[in-house]
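Across the two complexes that follow, subunit A remains constant while its partner is subunit B and subsequently subunit C.
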Partner chain A sequence: MHELTPGKQTQGRVGRVIQVLRASVFLTSKLFFADPQWLIPNIIAPFIFTLVAFFLFSGQTSGSSFLLYLVLGSGLMGMWGTTIYASANSIGFDRWNGTMESTLAAPIPLSWIALGRVLFNTLQGVLNAVFILVIGLVWFRVGFTLVNPPAFFFASIMTFLSLSAFGLLMTTILLLSRKGGFITNSMEIPVYIATGTMFPVILLPVVYLPFAFMLAPTWGIEAIRLAALPGYVGLPTTYTVDMTIMVAETFAYLALAFFLFKRVEAYAKKMGTLEEY
Partner chain B sequence: MKSTDGKSGLLSADSRLQMAWRVFRGAFFFGRKGLIIWDSWDMWVMQIFITPIAQIGFFAFLSVYLKYPSSVTQFIVIGNALQSMSFSAVFAVANITSQDKWQGTLPSTLVTPANRMALFIGRAWFQVLLSALIAAAGLLYAGTVFGVSFAQADFAGVALVVILTSVAMISFGLLISAVGLYMRTALIVANIFLFVTLLLSGVNFPVSELPVWLQPVAWVIPLTYGTEAVRMAISGASLQALLPVLGWEALDGLVVLIVGFSLFSAFESLSRKTGRFEEY
Partner chain C sequence: MQKPLGPAISVKGLTREYVTRNFFGGVARTTSALSGIDFEVANGELFGLIGPNGAGKTTTIKILTTLLTPTGGDARILGLDVRKDLYEIRRRIGIVFGGERGLYNRVSAVDNLRYFSDLYGVDSSVARKRIPELLEVVGLSDRAQEKVEKYSRGMKQRLHIAKALVHDPELIFLDEPTIGLDPGGARDIRNMVRDLKAQGKTILLTTHYMFEAEELCQRIAVISKGKIVALDTPSELKNMVRDISVIELRTFEATMDYVEALRKLPNVVRVVADLDSEQQTIRVQTPLGADLLPKVTAALPAGARIIDRTIKEPTLEDAYLRLVEE
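Then we have the complex of A and B:
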């Protein structure tokens, strides 16, 4: 018989958190590649949306700038779709797989496990955006000339982080609901609209704008477009303003998510009904 | 027994029909009750009232942003209003067999001596009503929010198109559901089909704008006939003028249903032979 040996002990709270994040990201990646459903949000959905948009755009506009606008929008839609879908289901999968109890019983707050999952899911969204970019470069022959490449990549990374923070908040909100998958399916297109993935949010009715402005990726998308597209006209803000608001909202999401997670996890443990259908 | 045909002891055709009707009715009510996850008022509101306006809004805003004339935007709005039923008509129906697998009810369903066709169609029938309601909500938004004019519309024609398209699209859902009996899950195929309809079915632009080699594929999808017919009905075409398009849509739906049922039967017999009903 093999002797059971304790796992590598990592000292300190920060070390433990990093260990959990790493394990959570690793396990989520294994589940991701084991299940072919990853094809849907990553390749199929954004590819079709891009094609539809391309047909619509091609009838009215020409030029590489517009094509780049289209490709960026589609990539962001893909990132959004993946983040929302995967985040809402990150705890839902535990319910289906019967691993909810083991996950909750782990000696680490659930929020860190969820954050690891959300980070990988958003990274998956980035992969999606890269797929779209490749489709754009190869199929639609989009020129990839950026106004300010460093600003573009910085805005892209920060938007990635803001999506992760939003995903974590979504996970918390949907933790107690078994309807997470359905709610996120219904939310997908409204958030595409609210964040101006395909058209500037300024086109939206005024009542919709406060909701749009509360979403950090709205500002991230604006910043990305300002850094990528020559002569882009969107919201009356600058790159710096967009980035500042996005970072502030991202921190607000994280603070709220961790606060809610603590409450929800304690409630779930007390009631013992998290897995109940 | 009166219900048998005497010597053979087999059920008479009349009794078989009655039993099939009973199975259909039971499957219909079970199909409704089986929607436990959605069965609350907020889920219904979201599915019937939020989904269509979000989808229509997305493509309508895109059209406005691209400065298309209002006729093009209205074309897009009407197409998406009808297409918004697909989530219920195709996606929900396609997942019936997959849900049986997840919930462990597939063997019990397949060992019943019930008429398969009645069972197959009955479980999906509730979605016909739901899909028609979603499309109706979509068309209501088209008129009230997005400025589509219904002044010339033949409402009986519009209603007929909506109901027929719901039925025909359910056939596609059932076809995918049959594939889901064989595959681990029907989710992927259902999703692909759902998105493909946005591209191929004349929802956002006319089928004639697609590459020539892709156009025949578009006409295999019942929704393509539906979007054409609903636009005709809204612009005032009479029922008589709609009949050829609706006839093709009905025929298409029927062929798809027969193919779907044949696949279901084939996969059922295969899974009985191999004993791998639920294997992942």
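Then we have the complex of A and C:
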């Protein structure tokens, strides 16, 4: 056998985590674009979503502010839908593909590998949201005049991260059981409603509000609308309060997700169910 | 990395039970996959683990590679505990899973190796040199940028080996690495295993092919029904069946009825037949040797012919069959 370069290891915990996140994002993106079906959830589905939303609402109201509300809502719906669908499948894919054992055998907690995948999957959602925005701007000539552009972009980035954190939490369910897809899929529509993507969350019956308030995207959407829409009236909170709650809930999701990953991985190893499909 | 002073693998009283639960969460059934096995593998040794399907080989490998928690006993890899030192063990071992599992088929060989080198923490500057070198070693350099889904089974298996070596492990687990390969592909893999052994790597190999285990392994453990029923060098294992010799027949148009007739002959210990080919191979184990030949010939039904007959020394397969059937 030829003389091989010795396999020197990357030093430092932060360096290792960055290396794993980068690898996971890179591989997930390669696998995503290798499958031509990526066009369906990211281009075709948002197009249909937006068309339906516009035809439903555009005749009943006037003013670009409402249309922008609609575009932002549709974008966030698309982003959420892609995040939960793809996050649920990020570990399911490994089970199906027969790469679960190889992934688990790596000397790094599975949560970091999953986080890289969820980050890319949420990024797909951003692509989806941007496409919806473009349809709104070009086709329906929605005005894109923002009240506070820096606050809008900051809230959008933080909402992206909060969706990723929620996606990671969902992934733990899939790790535990191959039947977890049922649970994560059934989360899609309730979360659309509870986070107020298409109407203000305050319109929900009071009993649903605690659930809505536990979802970080609810606060993210509020912050985005406050920063984008002139005279927007939603929850009786300010942009700063919305952002603070969203960040706090995002950290809570991450902490819970990392804790569950550790517990679920140990449990699945004990039960011998990790690579079953 | 300095090699540990003790054995590379040390297994003591290892057990693993699987619990099946009923609808209400109660225990419906407990299945024992491993019932207290013990063995050690020395540094630099090429050790074989053989046994029939469901004997406990894969369970053993999963426990030793930290993918499954044992329910009892103790297992140490390079002096480290499989229950506590997961990441340190994983960093120092390589695993080759047999068959089509374990690769991302929609991306290239380079993408697969780059991904796994990152997961294993290989420094990026090292990976840039090591990945092309490994692809050269496994003979995939000219197809390195092609999607893995276009590879033959043999090429995928060679890529598996490159993947297992990407982080330069001290100990390598090869779980049926030649399963389903054509003779040429299997020979390539066996040559690679020999090269790895020559480099001083410790290897644990599981295989269904007895000649492969005999050819490659320094010592072999035979596992059956979750227990190690024999552990020795290939020649010592063969010595266990020195009391018999083997009549090997090449026949034409022999059927299962002939095999059954042979099994009923006195002093026949075992008959193993391969009837799938146009010419059949039948191996008759007997303590009588050539003295049994007249009866073997007499049992031949009309229309069937014996093309060739040879008296042979028992092989590892003969020893294996006796051990797992006892």
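Following the convention adopted for this analysis, the second predicted complex is superposed on the first by the 263 of 277 C-alpha atoms of A that agree within 3 Å, B and C clash if a C-alpha of one lies under 4 Å from a C-alpha of the other, contacts with A are read in each partner's own complex, and residues count from 1 in each chain.
Please note the rule applied: a residue touches a chain if its C-beta (ideal position, glycine included) is under 8 Å from a C-beta of that chain, and two chains touch if they have at least 3 such contacts.
Since this is a predicted model, take the numbers as computed values, not measurements.
With both structures placed on the common chain, the touch criterion links A:190 to subunit B but leaves subunit C unconnected.
Once the two complexes are overlaid on the shared chain, A:199 sits against subunit B while remaining clear of subunit C. Once chain A of one complex is fitted onto chain A of the other, the partner contacts of A:53 are limited to subunit B, with no touch recorded for subunit C. Touch criterion not met for A:263: it reaches neither subunit B nor subunit C. Counting contacts as defined above, no subunit A residue meets subunit B in one complex and subunit C in the other.
For subunit C in complex with subunit A, the touching residues are 18-19, 62, 65-69, 86-91, 95, 97, 100-107, 111, 114-116, 118-124, 126, 129-130, 133-134, 136-137, 147, 163, 165-168, 192, 195-196, 198-199. Contact residues on subunit A toward subunit C in their complex (touch as defined above): 1-2, 4-10, 16, 19-20, 22-23, 26-27, 30-31, 34-35, 97-99, 101-108, 113, 266, 269-272, 274-275. Note for the complex: subunit B touches subunit A at residues 36-38, 43, 46-47, 50-51, 54-55, 57-59, 61-68, 87, 102, 185, 187-188, 191-192, 195-196, 198-199, 204-205, 209. Every residue of subunit A that touches subunit B in the complex is listed here, in rising order: 36-37, 39-40, 44-45, 48-49, 51-53, 55-57, 59-61, 96, 178-179, 182-183, 185-186, 189-190, 192-193, 198-200, 203-204, 277.
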